[in-house]
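Below: a set of structures, written as structure tokens.
In what comes next, chain A is part of two complexes: it sits with chain B in the first one and with chain C in the second one.
So, the complex of A and B:
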């Protein structure tokens, strides 16, 4: 147990005039499991001063959400505070009886969650829920309650609040529901808002608007905000101070610029290196290994099994480091050898795990045709038709065309509902297009009996987003990985096994893993298994539908690097479906941006990222939080109004015109064609010309 | 909501038409009314006369049209056994059946929900464990056996209530107790699970995070969801009480409802009367289920999507 006897005096020295509004000291939380109590928080301390914005950052299982719930006294039945205190206004909240605690919740400290739609009662109108919050907060029901509700929704910048108040949560978009949740949370006029992953479930353009709103509200209402997130980009944009968590402990703390530009803890350094850089000027580096299980925590420093700085020193294995102040700064770090960070900086990149930049241009032979030609495909879904109800139709994919060359990675980028996954399903032959053709290596896959010839099926493989549900939990890894060989009747059992071992090696797993079942692996390892399964038949094309979205940042970097390695060595083409532009930037040769079923812009990745022509691409790029405070706060911000229109009733003319700041009359009526602009194609009547404003990474200080 | 009402009503009518058709054709397939009406040794001339009188010499589709016309005039045919219009016999029995079904439903909803909610609010407590065991047992006990046991104990041994009969509130107790046992058990289990599931949802945590007490969250938010679930179950239970299972219980308690009538009519091979009973209970069940669906939709608008 690491205690922090000196945290208070130092905290006071940092900002002497401002006592903390909320003070968490040496907080320990345990959860009961079948194997006995498990420590989830092991001595977490943090302060929140008036008007301060602090980010509590960590990957899954780090204990960041548990910290929030413990502060609120909302731990589930099997969890309890086993030590430490949470001090607010002179009271230790952990000692408060439930009845007193309820007066703190909502009125003093408010909490909003990741899933806004799930956080609202599905059976009541949003207006009545806001009204309830107002009545709970003020303790009485005023006659103008209805006006207050509309006013509150209006302050959250919800358009048409009168109408929205009468609607149910399922009738509102996720971003709109999050605004309602914020209205509800703030009804009691709290001094502290804890926001637990408030934008993680939202699309990038929507999320940018929510973070913007939170910033404005915090400022106007004199609130302190504790932002809980795994997204370093959001942190860089929003926070003043950062608390970095790992395995139930705070491992580094400091002002946001110090954390991003002078990180001391090897985990912080590794995490920052794992974040893909949307400017494309820095290559992803990975931390090895994965997050430890809380039931079997490493001894000594919990990070030591993944640490490069440790170098087999016994201290790290035997002794837990304290969160010690670095002299001459406001930064604290829990590392025995934090003074070595400077030397590592001087020595350049910490780790040479990054692959040498592979040649970005695919080896195209102009004489032959592309590997994949997607020619003008549309997919129309007919809605459920009742006995007496005529169903409408949704054009999920609208006349989409693209080619994929051999060895090339094409990224298809879009927000939810854009039709990107449907397009992937068409290329995989899992969904027949309503019109158009898919030609694979000269073979038309969409005419005839609409079934893939078996030879083609082998050459096109898939990797999906959720590695847990895409692996049969009852099968051994050996059977999972060799299944494609069995299906295509390739090799003898011995040969198959040997191939499987090679594939596991290629994806960074060991031969002995073949005899295990998926449940024994972490998310990142499962995704490696899924990739090994795709690779074993030596496909020419792998369709990857959000393959790293479900993974933690540090693991995501490992998998991205693995993709790069595979690309370099196997000459395989990738169709990479993603919503995260930074990830795409890392891996794609060419990019196609899709909005409401239509490709609005496509071209070489460098071109699209540096000189985007379409306003939507620009907005999307600007919406991505950049894990670099100076660069992030300097960049041009475009915050789109409203949310993506329903695909049931797409706007006329250019589909983007309802949210576009450049739209003129012609955009309402005439759909723009995809026309060449330099090396790229864009569908816009008024394309942008210049490069986007992206300051150089690190502002020169890294 | 309005379009849901319209489509749900149309669906109800469609089901009713299908029910009428099925009843008609089944009754024509399984039995020969002429043979049942006449003595065994009737002459062919008599047979032809009765066949003609009953309209059975016409083609089947035409007979169906006649049958439909009869329905609209309130004519379901004449009971072979009682020599009376089937409709009036059925109508005479309907009140007793409805009293039994409604009382059973009311009792089971109130008690079942109470048991389920009480257990769910303190999962793992003594109350919860006893309730879970009791509801599991109640679902497993056959009701004709339970009926006989209850009569033996409370009517014969203790003499607290009459053994059987119809007409007073006290005579209602044993049949309802018998019939309600299974719905109570089922509702208790389902509502317990539903409460636990709802209380674990994010919106409940969110409501707690803004200072609401668990009890007021239950009252203001969760209860509505539980009622929606209970309504669905109650719909099944109504069917269960009204059709099949009242047959045994009505016989045990000599309750003059449709179930008892159905038993007698079947034993006497009175096809006309049996068809009338089947049709009537079928239509009633369809109507009740539609109403419950509409109530469900009024509570949970997502249903109307």
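So, the complex of A and C:
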């Protein structure tokens, strides 16, 4: 397998003295830009010992993917290693000629990427692509490979590998394609696998299976894994050691438990506080400011402008800290005042307990009707296929009903293809339902007329997932934010401007930002602008379609907190569409879980999260990685088999029965109806009882 | 999190940026030549060295000044009636450029609204408009232009209209395709949700994005129309004397090409330089847009 002799006994990987399989030392990488060379990595060092699972964690722009590419010798043409070394089996890889490097790639070090479907050739069967990898790695004749390919797919736990081998990437789900990619990457029997955000593009239930597989493979094949991710939950579940990156540097390193329970760098502490907690027992705290631009890095410690620990001390501003070992531990921190971490812990634990939820439930007056009543809506899309053949039809939304009270936040949760975004489009009037009604404050919005009745439009606004595309790049922020006022002809230009300034202030931007264009802002700032635009007409309902999905963890926390503040101060209802249950936990009063176009469970957030009735909800909850190693590894894990069925041919009876471990004959034939279970509704023949096992945060010794 | 956030300004050194983004020399020359042509076209007979119509039979068919028999009085020589060629080319610029620009503008005037309607509203309207476009594309344009000119009689206005109603399809197609992709973009959806009317969305979100690509096509259509005008005038179905156009100048000199090459060469060069300049300018504008 690997060229390194590896005769050390099992469990030897705990020994720090063990020789590293891969050693990155003081690696510097620069990229040329129109403004001259920009340092992307500034002295990154890391070791990967045999069988070790190391996570390289950071937000976008921290340099984690560049580190992977530099190790693989795959930097794009405008990037180069300007210092340091990557040592593998006694050779410095950075000095290797391209021809030699090719022998290293795949055979010694393999790499998998975020987007599996895009990484596969769409015109060839997955089997032939795996075969090609085996040919390259072993030199076997391609004609003899059928069994080997099927075997390889089987080892990736792909069901029915004989049939799958003959299929094309578009016929397989994203999770399946990622398994194929792993099979290709491992064909050469590498000693090291670098996985660059391997599950980011996948649904939670699928991602859990992939991480599980990677763990098994690493163990069985004596492989070291370098996991590159932004998701601290995945890290807590998977890694043994963590390297935390910020602005091209490693700022903290240590065993996973130390990093999560005794973080010492203020950025680590801030990042951990930014992760929403699915148990709902810890409130999100955000780091202030935003990630610095690599072209204008702060002097001294790169984190100092955002640091709470610095307190105007000059050292931080003038001197870059070393990654120094904390005595008596395996932990290294790049902070001048890391010893103050203990005092901070004593003063205020990072895991603050949420206040008793008083403001959570909306003031519901039984006498009045809810703000929004979605009554039994269905959306059917007819597929066109060729000129004369008519394709099938897809029921994207199937008889979905819910109410939203005034001031209430309802979260609609589901995986991709569940119909949650289509439902949002119906509520926004962007998509006419095939049947059913949407009633807003007593006004039926689905009378067949395409446009909303006058007056309603202003009261329903939206925030979308991608803040880059939802802001017109040619307009000034002023024109973007005041657009709803302009189209509804409200106020004079001066009044509009004043309102816009108030809104920017509310979302944490400056009035002078009004004169700029969207391109000058970061993703988080753009989403703030989009939120300011939605708020400026004081709507009663804001439909938020995955509003924080495209944002980094720390930015996500800032935006989530902003939503909370808005909720508290303006009596606005939110329809919050999301796939991330932890985010939903942070913000929702009530939750509806949607699977293949049907609501399978709904109820108060606390109820659904602590005592989920539907097996799918349970699986979804168990699949989210928890940013807490002990809790994460202790919790009940349900790994669903297979993938979400196609909406073109939904399963009979209960749609979840193909993946449900409790399914019996009745589930195959009779679709269950939504029935009350305690304060919640669930559609299941065999609903679960009892709370889900989730240890309390910080339950372990700290 | 209550803190506010600074967005870094993108443009740092403005003079440096401007120098870095300066167009290449070829484009600069093209801008210069087109500028000169515009001045000439606007001033008409005011700047010409001699009268474009005065005949001087004593100075018939004089070659350009650097050849034996030429004189600085007639820099580019004279025609068979002793008229100054340079002056005639300068006066012809107005007709030729005007017809080129007017025809392209007429095409855009017909094509853009059709494309906007088709792309924005979709459905049956789109199918009808696009079928019309395809039918027109399949029609032999030259035949139709000649037919119209023969029925209505030749002249600059008839020529412009005849060519314009035969060339709008490219604007329709471009507009439709651009609008279709813009329509699904987040900011248009956001505007719909905010309550923007169709007119508002077209004016504030679609047109600003269409401006760039439309200008590029416009700048490619003008030279095409200049060439078409030359051809029509050359075969006698375009501009009629005594109006002067470049195509007409070439057409009128075809019998003399063996004895007085300059009569065809210089109007021909005027057409070539103008057309190439327009292409260069169009390329340069496109490159600037791509950088933005």
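In the analysis below, the second predicted complex is superposed on the first by the 668 of 702 C-alpha atoms of A that agree within 3 Å, B and C clash if a C-alpha of one lies under 4 Å from a C-alpha of the other, contacts with A are read in each partner's own complex, and residues count from 1 in each chain.
By our rule, a contact is a pair of C-beta atoms (placed from the backbone, for glycine too) under 8 Å apart; a residue touches a chain by one contact, two chains touch by 3 or more.
Just so it is clear, the structure is predicted and the values come from calculations on it, not from any experiment.
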Requested in this report: Once the two structures are overlaid on chain A, check if chain B and chain C clash or fit side by side.
Outcome: fit
Query raised in the report: In the superposed arrangement, does A:124 touch chain B (first), chain C (second), both or neither?
Result: first
Query raised in the report: Is A:72 in contact with chain B, with chain C, with both, or with neither (first, second, both, neither)?
Result: first
Report task. Report for A:105: first if it touches chain B alone, second if chain C alone, otherwise both or neither. Result -> first
Query - Superposed model, angle subtended at chain A by chain C and chain B (C-alpha, nearest 10 degrees) - result: 30
Report task. Applying the touch criterion given at the start, work out whether A:464 contacts chain B, chain C, both or neither, answering first, second, both or neither. Result -> second
Report task. Considering only touches as defined above, state whether A:132 meets chain B (first), chain C (second), both or neither. Result -> first
Report task. Mind working out whether A:201 is in touch with chain B, chain C, both or neither, as first, second, both or neither? Result -> neither
Query - Touched partner set for A:520, first chain B, second chain C, both or neither - result: second
Query raised in the report: In the superposed model, does chain B or chain C contact more residues of chain A?
Result: C
Requested in this report: Give, as a whole number of angstrom, the minimum Cα separation of chain B and chain C in the superposed three-chain arrangement.
Outcome: 10
Query - Residue numbers on chain B that touch chain A, as the complex places them - result: 3, 6-7, 10-11, 14, 201-203, 205-213, 220-221, 224-225, 228, 299-302, 305
Requested in this report: Spell out the residues on chain A that touch chain B in their complex, using ranges where they run on.
Outcome: 72, 74, 98-99, 102-107, 110-113, 115, 118-124, 132-133, 136-137, 168, 170, 181, 184-185, 187-188, 386-389
Query raised in the report: Okay, in this complex, where on chain A does chain C touch?
Result: 34-35, 286, 288-290, 293, 296, 428-430, 457-458, 460-462, 464, 466, 468-475, 479, 483-484, 486-488, 508-510, 513, 516, 519-522, 524-525, 530, 533, 537, 543, 557-558, 561-562
Query - Residues of chain C touching chain A in the complex - result: 1-10, 12, 20, 185-187, 189-197, 200, 204-205, 208-209
